[in-house]
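What follows are several structures.
Both complexes below contain chain A, partnered by chain B and then by chain C.
And then the complex of A and B:
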């Protein structure tokens, strides 16, 4: 077998191994602390949801007020888990694709600690009542400038790695990563500066509109490209096939770049801000289906006919589920943004939440789990300990997000909105109708949170290098060990 | 990790000469098992963009475009919410028709339509210098409703003397596609605003009479001499009684007993 190995391939492997080694600690730190924040966030989500239907839960303690716990739940989800998973994926993927070892992993690791410290203080600030209450900008006002400074100190090294890449060719994932690296500061800075600094001087309603744009742009222009970059890497890598269509990848990328920035303001439909902004937002949210179809078809067609690999490989299985989540997110987002549907969901409980859970968990987090299950064995040089934990993590996540996001969040919002529109029946009826769905969200989070607590422990063990020493990967189905492909 | 087979780093000497490749490979496999079973990334799929994707994209684009263009005016920072939005009112479980007394309904509707006129005749109906004649105190407005109605429907050309001053301009036809309710509401509005006090509430039958007169002129703009003939026009149909209730949206008479 060894006879058909060329020196080129050996050198490739040595280079990959040295890149992985150089990034072990920052990547593992981002993933593990991200997973810890995710577990915490889901527990907070459970408490918040319980508060929404049983206000007496946990007594009168101010820290556990719905408003505070819900803000902390979303803030830790977005900036604790999602952003850190994205950072870990960006720095590893960019280093690998640019074929450059990281020489600044110590700096990245320290700034990663700073990011976590700021998030911790911010979350405590929210629970003590210092939150702003502005969606996706929940942290106290002094937090966001620190976060953007940390971001620059983390992201700059990946931009540099791209600039000094070896080999002129730029892979599809690198387009998305570079775009995300530049879009994040644009969206984060302009959103926060307008909403937090100029809102008092200007138009308060417009601030709400910009906040809605910020939410949408953070998802479309940062979390989406990072997850797509990971999917474009994992699918061809694990199946060993070429990406289905290069043209489709180009089309998908530019469609996202053109459509993404317009979406968002449909959330404030009917508010006294220029009406075309709201309709442009609604149209862009519907048009987002186009890049989603391009990416979805491209990634899924790359894996077509490899259903065994999809079933066996944890990274590919999560990635495929995440890409299906992308299509679901786009379609549901389009339906929710249509002006006729906004009538029912705009003021209903759970429409936006269900959509955000579908987008951030069903699409983004699933892709990130795929990336983590791929990256961690490489950077730690150990195999995952328990296939059973991965399998339960997958099924709990999948059922959880379909149940919480699609069923309880979005269907519940339509039901609630329909009741709210029925002005001839007492208002209580709409609350009665909603109850089952909010209880469903609480129960759903219990299971998903449990799966993610185990996921966090699994990652911690891997970071402590307690993983299996083996040349066989941890696969999800029982199979006869085969020699690794050359 | 592109698909091409060029060396990783061309500046480095080829390992083939100095290294035992098989041994090196075994070492890598032992020390970096996950890395050594990795496959090359390839992105050179040459599948064309399929027709189905284009069709799906086209359908999405049509729906999205439909939403986009339903906002009416692009980059218009003045228009903040769609005007004249009247929410359905509920009464005993039935969607009640939003209605008002005839005069109120006409004033409300007319005020909305007057936005089309305000750019020339001014928001207060005072006209604009020597160019656009005033509506306030104009003998043409305060006469029979036929005159303002014909002017709005046909436009006006040539010299006209208004409130002692002579104007020479051209007013385009304004009422293309307007309903009878729109015409009635606007002439009621200008005859009863800016200090004008005519007070006659036009019924839709009277507007039908005006439409019949209007037909004689075809598409051609009115002149002052044309209009003069109708200053004292008497309608055959009766006025709308002031206690009539009108549907705010359509201008139809609402039967109170229904």
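And then the complex of A and C:
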């Protein structure tokens, strides 16, 4: 019996190694190119933020006009970094959970290059003035059909891996991954077809409403499930415990599936679109707290009593921070969706932006960093070089995103909106009130950019296989000097 | 390791094509909905514009008719085309810039 268990464990280890080896190139490609796009996005974000309080900064160059550079910043953040981090996580997680080697790594890698090429052309198009100006659909109109074709060629292999999985059991992470794989094409196709066709037909109101829905749906129905899938894999794996509650996981999944598609149209509150759509969007955004709490309680309770593991493991630390970011996103999103709050934040600088940064960086990106810190050593067979670099990445990211998202984005939006609502006060007064917050956002981005310099450098070393050859993982532990006995 | 009985070429083939079909069905559904809704859209600006354009064309036609006609008014005067009058008036020196008046207007300014 003991030799059976041992041989099974050995077979398992060999299978996992072969899965990791088969996915090394596409996964590392998605993660490193994603990190490069993140770096570019952060630079563009700093420039855009600087221009909001110092419009003369790079003022002579048309490419760095605020409308273009902000659009390029968000487009590269969403489709360059966030989407590719999601792809790398999806293909690795699904392969591991389905216990299937990837047979199409070459195809995935080629399509990954195509995705990057299309994003590059799209970003150049935005900077040259060809952007559409539609939030989260900034690329010129010819880009989105190419992106959806690339997506199919990347995602279908994970669906096949799930269908031919070993064993009958479906893990919680697999529910979320499969859901995300099917929700993305529905949201992306519907959003782009309807927005582009309605806008072209002169029906800008409906285009704006559907665009608002698209932004929420992309976040709630693609980025959120991918991050949750990663958290549900890493938390039990690193702590060595099962997930706290299967029933809570079920509740969280179905709550997200039912509530998620309704959110978004509260962003156009007051527009001449059916009122029930606006209030349904607000209600759904507020109700998003339900799946967020289900996931939060489940993951955090799985790690209860393992505070040392959370402190020492980079992947678990980032994942736990991401899950706390999920709860913060849900609470802040609920507050911002209330009509009384929308009165102030809807047209204020930073209201939507602060929320999006909190959601995409404070929740999604933190979970993705956790996944990357877990996956990369396994696919490269090397360990991270320095815990100090990881610690710097963590703390500076946290300071930056809390500062940008909560204080400057959201509080600044309320302050700006409050002063805009005071009709007896001149407009310049509201801009003066906003100045401190816009400067704060720039400072916050500098922190985040520095954090990601460490991350990009570290990831590049791993990509070049210059990591440590070691049998034990890189941990974030402090070594207390031991005093010699008296 | 036990062989994976679920992993067959047929299952992989089916999954690929069903996946593609589902994918395309989203696209086809979006296009069908778009076409169904688009045809019923009434652009208020264009509809109002039709009424305005009709009125404008009617008035213009009437004015042109009046303008291009020649008739004897019966009281010693005739109605003629403007182009004829302008040409003759110029020849007769009737169409000149008015000269400054030599009479003082009598207004006093404070």
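We adopt the following convention: the second predicted complex is superposed on the first by the 471 of 486 C-alpha atoms of A that agree within 3 Å, B and C clash if a C-alpha of one lies under 4 Å from a C-alpha of the other, contacts with A are read in each partner's own complex, and residues count from 1 in each chain.
We adopt the following convention: a contact is a pair of C-beta atoms (placed from the backbone, for glycine too) under 8 Å apart; a residue touches a chain by one contact, two chains touch by 3 or more.
Everything numeric here is computed off the predicted structure, so don't read it as measured data.
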Open item on the list: Touch test for A:15: chain B only (first), chain C only (second), both, or neither?
Closed with: both
Open item on the list: I'd like to know which partner A:142 touches here: chain B for first, chain C for second, both or neither.
Closed with: neither
Open item on the list: Under the stated touch criterion, which partner chain does A:274 make contact with: chain B (first), chain C (second), both, or neither?
Closed with: first
Open item on the list: Is A:117 touching anything from chain B or chain C once the two structures are fitted on A? First, second, both or neither.
Closed with: neither
Task: Touched partner set for A:166, first chain B, second chain C, both or neither - done: both
TODO: Decide which partner touches more residues of chain A, taking chain B and chain C as the two options.
DONE: B
TODO: Identify the partner contact of A:254: answer first if only chain B is touched, second if only chain C is, both if each is, neither if none is.
DONE: neither
Open item on the list: A:395 in the overlay: touching chain B, chain C, both, or neither? Say first, second, both or neither.
Closed with: neither
- [ ] Please indicate which partner A:190 is in contact with in the superposed arrangement: first for chain B, second for chain C, both, or neither.
- [x] second
- [ ] Determine where on chain A the residues touched by chain B overlap those touched by chain C, and list them.
- [x] 11, 15, 99, 166
- [ ] Would you pull the chain A residues touching chain C in the complex into a rising list?
- [x] 11, 15, 99-100, 152, 156, 159-160, 163-166, 182, 185-186, 189-190, 193-194, 197, 201-203
Open item on the list: Could you list, by residue number, the parts of chain A that touch chain B in their complex?
Closed with: 2-3, 5-17, 20, 96-97, 99, 166-167, 169, 171-172, 232-233, 236-238, 240-249, 251, 270-276, 278-280, 282-284, 286-287, 289-290, 293-294, 297, 301-302, 334, 338-339, 377-378, 381, 383, 423-424, 470-473, 484-485
Open item on the list: Using the touch definition from the top, list the residues of chain C that touch chain A in their complex.
Closed with: 1, 4, 6-8, 11-12, 15-16, 19-20, 22-23, 26-27, 30-31, 33-34, 38, 41, 43, 45
TODO: Write out the stretch or stretches of chain B touching chain A in their complex.
DONE: 1-9, 12, 14-16, 19, 21-22, 24-26, 28-50, 53, 56-57, 60-61, 63-65, 67-68, 70-82, 90, 92-93
